[in-house]
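Two complexes come next, and they have one chain in common, chain A, joined by chain B in the first and chain C in the second.
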Partner chain A sequence: MNALIVTAVLGVMMMFSSIVLKRNSAIRMLAIVGLLFTFIANVLDSSGVHFFSINIKGMMHFDQFAYFFISISIFCTFIFFLLSAKEMERIGVNYSEYFALIFFILCGIILVASFTSLLILFLGIEIISIPLYILTGSDKKNLKSNEASLKYFLLGAFSTGIMLMGIALFYGSTGSFSVENSVVIAATTSPMLLIGILLLLFSMSFKVSAAPFHFWAPDVYDGAPTVFTSFMATIVKAAAFIAFIRLFSLAFTPLQDRWQLIVAVIIALTLFVGNITAVFQQSVKRMLAYSSIAQSGFMLMALLAFNTFSVEGILLYIVAYSISTMGIFSVLVKMKDSSLEEFNGFAKHQPVLAVALTVFLLSLAGIPLTAGFLSKFYMLKAVMHSGNFLWLIIFAVLMAAVSVYYYFRIIQVMFFKESDSNTIIVSTSFKWLLSALAIIIIVLGVYPQLLLQFLV
Partner chain B sequence: MKEFLLVILVAPFVGFLINGLFRNVLSKKIIAFNACGQILISFLFSLVVFSTILESGGAIFEYYNFIKVGSFQIPFALQIDQLSSIFLLIITGVGFLIHVYSASYMKEESSAHFGRYFSYLNLFIFFMLLLVLGANFVIMFIGWEGVGLCSYLLIGYWFKNTEYNYAARKAFVMNRIGDLGFLIAIFWLIAKLDTTSFSIIFSNESLAKLSTLDITAITLLLFVGATGKSAQIPLYTWLPDAMAGPTPVSALIHAATMVTAGVYLVARCNVLYSLAPITQTIIVCIGLATAILAATIALKQNDIKKILAYSTVSQLGFMFFALGLGAYTAAVFHVITHAFFKALLFLGSGSVIHAMGGEQDIRKMGGLSKKLKITYWTFFIGCLAIAGIPPFSGFFSKDAILVSAFAKSPALYFMVLLGALLTAFYMFRLLFITFSGSFRGTKEQQQHLHESPAVMTLPLIILAILSLVAGVIGIPDVLLNGGDKLSEFLSPIIFVNNEHQLSHSTEYLLMGLSTILIIGVIVVAWVLFKKYKTTETVGIGKFFENKWYVDELYNKTIVNSINKLAKICNDIIEKSGIDAVVNGVGRLVHYGSRQLRLLQSGQVGNYILVMVLCMVLVFSFQFIFKK
Partner chain C sequence: MIALLLVLLPLITGVATFFLRKENAAKKLALLSSLATMVISILGLTLFNKTELLQFSADWLPGLGTKFDIRLDGMGQLLCLLTAISFPLIFISTWQRTYKNAHNFFALMLLAQAGLMGVFLAMDALVFYFFWELALIPVYFLCSMWGGEKRIAATFKFFIYTFAGSVLMLVALIYLQTQTVDHSFSINSFYQLEIKNDIQNWLFVLMFIAFAIKMPLFPFHTWQPDLYEQSPTSTTMVLSGIMVKMGLFGVIRWLLPTLPSASFAYGETTVAVLAVIGMLYASLLAMRQNDMKRLIAYSSIAHIGLMVIAIFAETQLAMQGVMIQLFSHGINIIGLWIIVEWIERKYGTTKFSELGGLAQKAPVMSILFVVIALANISLPLTNGFVGEFLMFSGIFTSKIFTYQIVITAAAGVCIILSAVYMLRMVQKIIYGNTSAITANATDIGFNEKFALSIIALLILAVGLFPQPILDLTQTTATQILNEANILHLLKK
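This part shows the complex of A and B:
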C-alpha cells in the first residue's frame, strides 16, 4: 500500500516539478530520489511498516510475491532511469511529464500485482495503458510515433472492450468481482462463465503480446521513441504477466482443463511467430520487438503449471529479460538509427559495451552461465513437472535454437564486421553501469538463489 | 606424511603457475631458480617420504571426494608405497638434474620462451608425480593424460618449425590410441567391480569376482595403454620423432620418466598380470620384438639423438620382456638404472650438440674426446653401463633380466642376449664415431668446439656416478648373499616367483658368457669405427637405416585408409548429408520468416479481423467439438 500511494503522489509532483525546477538534471534527480524512496517504502511495507491505513474492502491483497514483484519493478525502473533517463530529453520539451507518466504506470503496476477484485485489475490495466498511449506518441513531430500511438490506442481500446465484456460475463454468472477459486467453483457449469474466462484470456494475451493478439507490438514498439519502447517491452510487459498469472492462478484453476490447452497453443503460436519473424528483420529495434514476443511465449509457460518452479522461474525470467533488453535498448538509443549496420565493428570502438551487449544477447538466447538460460530452464522444468505438454517443451527448445540465429547476428557484426560510420559517445559511468548489469546477469546465471532467497 | 605428499605434488605445479603466468615479467635467472627450486623441494620431501617408507611401509591417503555418482565414488587419494617411492625419487631426482642442466642449455632462448619451457617442464613433473602417486586408476589416468599433453607441448616447443609440430602431433595421436585401451580397461573394471582403487581391485575378494576372460581382457587393454606411453610395437614410432624437442626434454621425458609409465603401470598391476598367462606371453613377444627391432634400426642411424631414441625403445623392450616373464623386480631395476644412464647419455649428447653448434649428425663429428673431456668420459661410462659391463649398473639390471629369461627357456635367453649384444654394438659405434678418429665437420665448427659450462657438466658427473654405482641395490645373491636389496624392498608389492631357481654355477656361466660376448662386440666396434669414413649403406643396412619402413607401412595402410574414409565422410555424409540438412533448415526458417512477415501488414483492420477469427475458432472448438 505504501508504494501505491507514494507513486501516485510522486506522479503528481513530477507533473508540477517543471514549474519549480528549471533544469532537466534536477528533474531527473528528483525522479531518481523519489524512486529510491518508493523502493524503501515498499520494502518497509513488506516487513510490516505501513505508512497508511486504508480500508480497501478486500479488493487488494499484498502477499510476499506481490511485494517482491513490486520491488523488482521499481528496481528495474531505477536501472531504466540510470541508463536512459537522459535520453528522454531528446524526445520533446515536456521532460518532467514523461516522468510523471512513468510514475503513474508504476502505480498501475502495483495495482495489477496485488488485485483481488476484477475491478482493480481493470483499473490497473487502464492506468498502465493510457500513459503508454501518450508515451508512444510523445515524439509529436514524428509521423511514425503518431501512427504507432493511434494504432496502439485503437487496438488497446478493442482489447479493453473484450476485457470488460469478460468481466461482465464473469460477474453475471458468479455475482461477484472477487478473484477467488470458491467463486468460480460455485458456477463451473455455466457456459457464460467459461466465455467470460476465455474473453479475459484473450484480452490478457493481448496485453502480453501473445500470438495471435500480438499484432500491435511490432508496430508500436517500432514506432514509439526507443527509450519508451525499452520501458514498455520490459517492465510494463512483466506487470502484464504478473496480472495474467495472478488472475488465472487465484481464480480460474478449477476450470483448468478448459483453458490450458488453449494457452499451450497460444504459447506455441507465440514462439513460432516471434522467433521466425525475428529472423528476417533488418532493424534491431524491430527484431527486439519480435524477440520480446518470442520471450513472452516462454514466460507464458508459468500459466501451464502453478508450482514453485514456475513462481521462481517467472521472477528470474522477468529480471533476466528486463535487464538484458533494457541494456541493449540503452545502447540502441544512442545510435543514429536502429539498423543492424550501426553495430558493425562496434567491438573495436567500444569493447566494454560490446562485451556487455554480448552477455545480454547470450542471456536472451538462453546460453548457459547466464540468467537467461536458467530462467528458460526453470520454465521448461515447471511444465515438465506438471506432466503434460511434452510436445510444447520440445517445440520451445527448437524455437529457442532459432532465436540463437538473430541474437548472434548482432554479436557477429559487432565483432567481425568492419565499421565505416563514426561511433557513439558514452560516459564512463554508463560503461560501468552496463558492465555491472552484465555481471548481474552472469551471477544470477550461476547462483540464482541470490535473487530467489527473498521470495521465501 | 599426508601433507608431505601434497607438498611433493603441489610444488612443481606452483612452479608451473608462476613461470607460466609471469613468463613475460620474470628474468631468466628467477625463472630457472623457481623451476629448479620447486623440483628440489619435491626431491627433498621425496627423500623424507622414502625414508619413512623404509621404516614403516606404505599407506593410502584420501583427500576429498573427487567424483561421486550414486553409490559409485572416486576419491582423490594418493598411495605411497615401495614402488611409488622409488619412482618418486627417480622423477624428482633425475628431473632436478635435468632442470639444472636445462637452465644453461636453453639460455639462448628469449625470456618468455624460457619461462614457457620451464613451466611445461614443471607441469610435466607434476603430472608424472600424480601418475605414480594416484591410488586409483582415475587419478593415475589424469597424470597419464597430463604427461601426454606435456610431452606434446615440449616436443612442439619450437613451434615455428612445421616438422616439429608434426612430430608433436604424432606423439599425441599415438599416445591417444594407447589411452583408449587404458580407458576401456578402467570402464571394464568399474563395470565389474564398481571401483577403481588399486587396494580394492588387487584384493582377493575382488579378484575372485573377475573371470579369466575379464582379467585377460583388462590386462591386455592396460598393456595397449602401456605400449602407447612406453613406445612398444606397434605404437613406438612416435618416440624417435619426439627427438624434435630440446635435448633435455628428450632426456627427461623420452628416456628417464614418461616412457617408464607403462612399466610402472604393469608393475603396479602385477597381481592382475600374474593371473593372465596369455597376456604375459603377448608381452614377452612384443617386448622381445621391440627390443631387437629397435636395436637393428639403431645400428644404422646417423643422428646422435635418433640412435639414443631407438636405444630407449629397445631398452623399454627389455623391460617389458622382463614384465612378461613375471620378473617385475628386474624390470623395475632396469627402469632405475636406465633412468640414470639414459639421462646421462642424452644430456651428454646435448653437450655434444651444444659444442657442435646444433649439429646432430655423427658423420660430421669425430675426435671430440680431445676437446670435450668431461663429456667424453661421462658418455663413455654411460655406454659401458648400457652395454652391461660389470660393475656398471646396467650389468646388474640386464643380468637380472637375462637370468629370468634363461630360467624360462634358453631360447628366450639367446634371443634377448642378441638384443644386448646389438645394444653394445650400436652404442659403441656411436661412441667411437663421435669421439674417436679425426674431426669431419667444418672449420667453423672446429673453432667453436668447447666443453660445456659447469652447470651442464655437473649433472653429467652426478649421473655418471649414479650409473656406475646404482647396481649395488640389486646385486644378485650369487655374488653377495642378501645383496638383492631391491627385491627385498619391493616384496610387499610385487609377487615373487621362486619356482625357477638356477644353480649358482649356471648363473656364473651366464654372467661370464654375456660379459665376454659383449666385450667381444665392443672390440669389433672399435676395429670397425675407430677411423670412421662415410660410406654408402647397402642391402639389409639400408633396410635398417630406413627403420624397416615401418612409418611408410603405417602411412600406406592405416593413415591412408583413414584419410580415404575421412574424405568419403566429408564429401558424402558431411557435405550432401549433414550440411544439406542444416542449411536446409536455415533456408526454411528464412523463407518462413519472409512469408510470416507479410502477416504484419500495418492495417489495423486486418489485425482485428485475424484476432476475431481466432476467437471465433476457439469458441467453436470449446462449444461445438468438446461437448
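This part shows the complex of A and C:
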C-alpha cells in the first residue's frame, strides 16, 4: 500500500515540478530520489511498517510475492532511469511529464501485482495503458511515432473491451468480482464462465503480446521513441505477465484442464512467430521487438505450470530479461539509427560496452553462466515437473536454438566486422553502470539464490 | 582439491589474462598456467591419488536438486591428463605465431581449458551441462576472431549445430531428473533410474543427437571439415584433440549407463550403421583431399566412428580400448596439427600439390611426422595399435551385436584405407622433389622439435607399455558396463 500511494503522489508532484524546477538535471534528480524513496517505502511495507491504513475491502492483497515483484519493478525502473533518463531530453520539451507518466505506470503496476478483484485488475491495466499510449506518441513530429500511438490506442482499447466483456461474463456467472478459487468452483459448469475465462485469456495475451495477438507489438515497439520502447518491452510487459499469472493462478486453477491446452498452443505460436520473424529483421530495434515476443513465449510457461519452480523462475526471468533488454536498448538509444550496420566494429571502439552487450545477448539467448539460462531452465523444469506438454518443451528449446541465430548476429558484427567510425560517445559512468549490470547477470546466473532468497 | 584446482586454475588465470595488455606476458602466463595444470593433473595421478583429494562437492542451487559435484575417476583422470598435456604442447608449438589482441586469445584458450576440464570432472548432470556449454563459448570466439577467411560462417554453423544438440540434451536431462527418486541431478541417482523402454528410446534420441553432433558422427559431421580448415590451428588442436572427445565421453558416462535398454536397442541398428557409413564415407573422402587440414579432419571422423561402435559393443575390452584411444587419438591428432601449423606458417599453404621433398630439407620433422602418421594408422608399437586392437577384439566378441563380423570387417577396411590416405599424405609432402615453395626449406625449430618429441615419446610409451592406462581405466569401464548391462537388467 505504501508504494501505491507514494507513486501516485510522486506522479502528481513530477507533473508540476517543472513549474518550480527549471533545470532538467534537477527534475531527473527528483525522479531518481523519489523512486528510491518508493523502493524504501515498499521494503518497509513488506516488513510490516505501513504508512497508511486504508480499508481496501479485500479488493487487494499484498503477499510476499507481490511485494517482491513490486520491488523488482521499482528497482528495474531505477536502473532504467540511470541508464536512459538523460536520453528522454531529446524526445520533447515536456521532460517532467515523462517522469510523471512513468510514475503513474508504476502505480498501475502495483495495482495489477496485488489485485484480488477484477475491478482492480481492470483499473491497473488501464492506468498502465493510457500513459503508455501517450509515451508512444511523445515524439510528436515523428509520423511513425504517431502511427504507433494510434495503432496501440485502437488495438489496446479493443482488447480492453474484450477484457471488460470477460469480466462481465465472469460476474454474470459467479455473482462476484472476487478472484478466488471458491467462487469459480461454485460455477464450474457454467458455459458463460468458460467464455469469460477465454475472453480474459485473449485480452491478457494481447497485453503480453503473445501470438496470435502480437501484431501491435513490432509496430509499436518500433515506432515509439527507443527510450520508451525499452521501458515498455521490459517492466510494463513483466507487470502484464504478473497480472496474467496472478489472475489465472488465483482464480482459474479449478478449470485448468479447460484452458491449459489453449495456453500451450499460444506459447508454441508465440515462440514460433517471435523467433522466426526475428531472424529476418535488419533493424536491431525491430529484432528486439520480435525477440521480446519470443521471450514472452518462455515466460508464459509459468502460466502453464504453477509450482515453486515457476514462481521462482518467472521472477528470475523478469529480472534477467529486463536488465538485458534495457542494457541493449540503452546503447541503441545512443545510435543514429538502429540498423545492424551501426554495430560494425563496435568491439574495437567501445570494448567495454561490447563485452557488456555480449553478456546481455548471451543471457537472452540462454547460454549457461548467465541469468537468462537459469531462468529458461526454471521454466522448462516447471513445465516438465507438471508432467504434460513434453512436445512443447522440445519445441521451445529448438526455438531457443533459433534465437541464437539472431542474437549472435549482433555479436558477430560487433566483434568480427570492421568499421572506421566510432558511432557513439558515452560517459565513463555509463560504462561502469553497464558493466555492473553485466556482472549482475552473471552473478545471478551462477547464484540465483541471491535474488530468490527474498521470496521466502 | 585436485579436481577443483584443475578447473579453477585455468579459469582464474584465464580471466586474469584478459587484463594483460602485453602479448608476451599473456603468452607466458598462459604457458605457466597450463604447465601448472599439467603438474597438478600428474600429481593427481601419482602422489595425491587419494579419493578425498580427487573430489570436491559444494552446495549449489539446492532448490533445483543440483550440487557442484566434481570427481576424478579413471576415465576422468585420463581425459584430464590429455587436456592438461595438450595445452602446454599447443602453446609451445605455436609460440612463434603472433595474434592480434593476443591477451584475449590466450585468455579464451585458458577458459576453454577450464570448460573442458569441467566436462570431464562433472558428476552432476547440470554441472556437466554448464561446462559443456562453457567450453563452447570460448571456442566460438577463438574461431571467429582469429580464423581464416570464411571463419564466421563456419563457426556459426558449428555453434548453432552444437547448441541445438545440447538444448535437446538439456530436455532429456531435466526429464531424467524429474524421474529420479531424490529429484537430483547427481550421477548416482541417474544410474539408479529404471525407465520404461519406450521412454528410454526417445530420451536416447534427444541425448544422442547432442553427442553425435559433437563427435561428429555421420550425418551430423558437416560442420567439421570447414571449421577445422578455418580455425586458427591452435584452436583446431583443442577442437579435434579434446573437444570432440566430449561427445564420446558423454556417451560413455551419461548415456550408456542411464539408458541401457535404449542403448541396446539403437546401438547396433542405428548407431553402428551410421558409424560404419560415416567411416567408409570419411575414409573415401580423405583419399581424395588435396589439403592436409581437410584430410586430417576426415580421418578424424573415420577414427571417431570406430570408437562409437566400440562403445556400443559393451564389452570390457572395447570399452577400455575406447578410453585408451580417446587419449591416443587426442595426442596423435595434435601432433599432426603441429606439423600442419608449422608447414602453413612456413610456406603459407597446406596443399599437397604445392609441397613436396621436405624429407631432404627437414629430416627431423619428417621422422617425427612419419611416427605420428604411423600411429594414426595404428601400426603395432604405437599407441593407436593398442586402442584399435582392443576395440576390434571387443567388437568382434560383443555379445549384444548380431552382425559383429560385418561391422568388424567394414571397420577393418577403414583401417586399410587410413593407411592409404595417411601414407599418400606423407609421400606427397615429404618425399619426391622439392617444389618451388619448399626449395629453400629449413628444419623445424626447437619448440616444434620439443613438442613433437614429447608426442612421439607418448606414442611409443603407450604403444609399448599400455598397462598403466589399462589399470587406470579398468574400474570405470567395469562400473559403466555393469550399469549398462542389459542382461543383468533382464534377469531382475
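Quick note on the criterion: the second predicted complex is superposed on the first by the 453 of 456 C-alpha atoms of A that agree within 3 Å, B and C clash if a C-alpha of one lies under 4 Å from a C-alpha of the other, contacts with A are read in each partner's own complex, and residues count from 1 in each chain.
Rule of thumb we're sticking to: a contact is a pair of C-beta atoms (placed from the backbone, for glycine too) under 8 Å apart; a residue touches a chain by one contact, two chains touch by 3 or more.
Computed from a prediction, not measured in an experiment: that's the story for all the values here.
Student: Should A:F69 be classified as contacting the first partner (chain B), the second (chain C), both, or neither?
Tutor: So A:F69 meets neither chain B nor chain C here.
Student: Now for A:F177: first (chain B), second (chain C), both, or neither, which partner does it touch?
Tutor: The answer is neither, since A:F177 touches no partner chain.
Student: Go through the superposed model and pick first if A:T308 touches only chain B, second if only chain C, both, or neither.
Tutor: second
Student: Looking at the overlay, does A:L380 come into contact with chain B only (first), chain C only (second), both, or neither?
Tutor: It touches chain C, and chain B stays clear.
Student: Touching A:R258 in the superposition: chain B (first), chain C (second), both, neither?
Tutor: So A:R258 only meets chain B here.
Student: Please identify the positions on chain A that touch both chain B and chain C, taking each partner from its own complex.
Tutor: Touching chain B and chain C on chain A: residues 405.
Student: Across the complex, what residues on chain B touch chain A?
Tutor: Listed in rising order, the residues are 586, 589-590, 592-594, 596-597, 599-600, 602, 604, 606-608, 610-611, 614-615, 618-619, 622-623.
Student: Quick one: in the complex, what on chain A touches chain C?
Tutor: 308-309, 312, 362, 366-369, 373, 377-378, 380-381, 384-385, 390, 393-394, 397-398, 400-401, 404-405, 408, 412, 415-416, 447-449, 452
Student: Which bits of chain C are touching chain A when the two form their complex?
Tutor: Residue positions touching the partner: 60-61, 63-64, 129-130, 133-134, 137, 141, 144-145, 151-152, 156, 159-160, 163-164, 167-168, 170-171, 174-175, 177-178, 206.
Student: Note which residues of chain A are touching chain B in the complex, please.
Tutor: Those in contact with chain B are residues 151, 154-155, 158, 191, 194-195, 198, 202, 206, 212-213, 215-216, 218-219, 258, 262, 273, 276-281, 402, 405.
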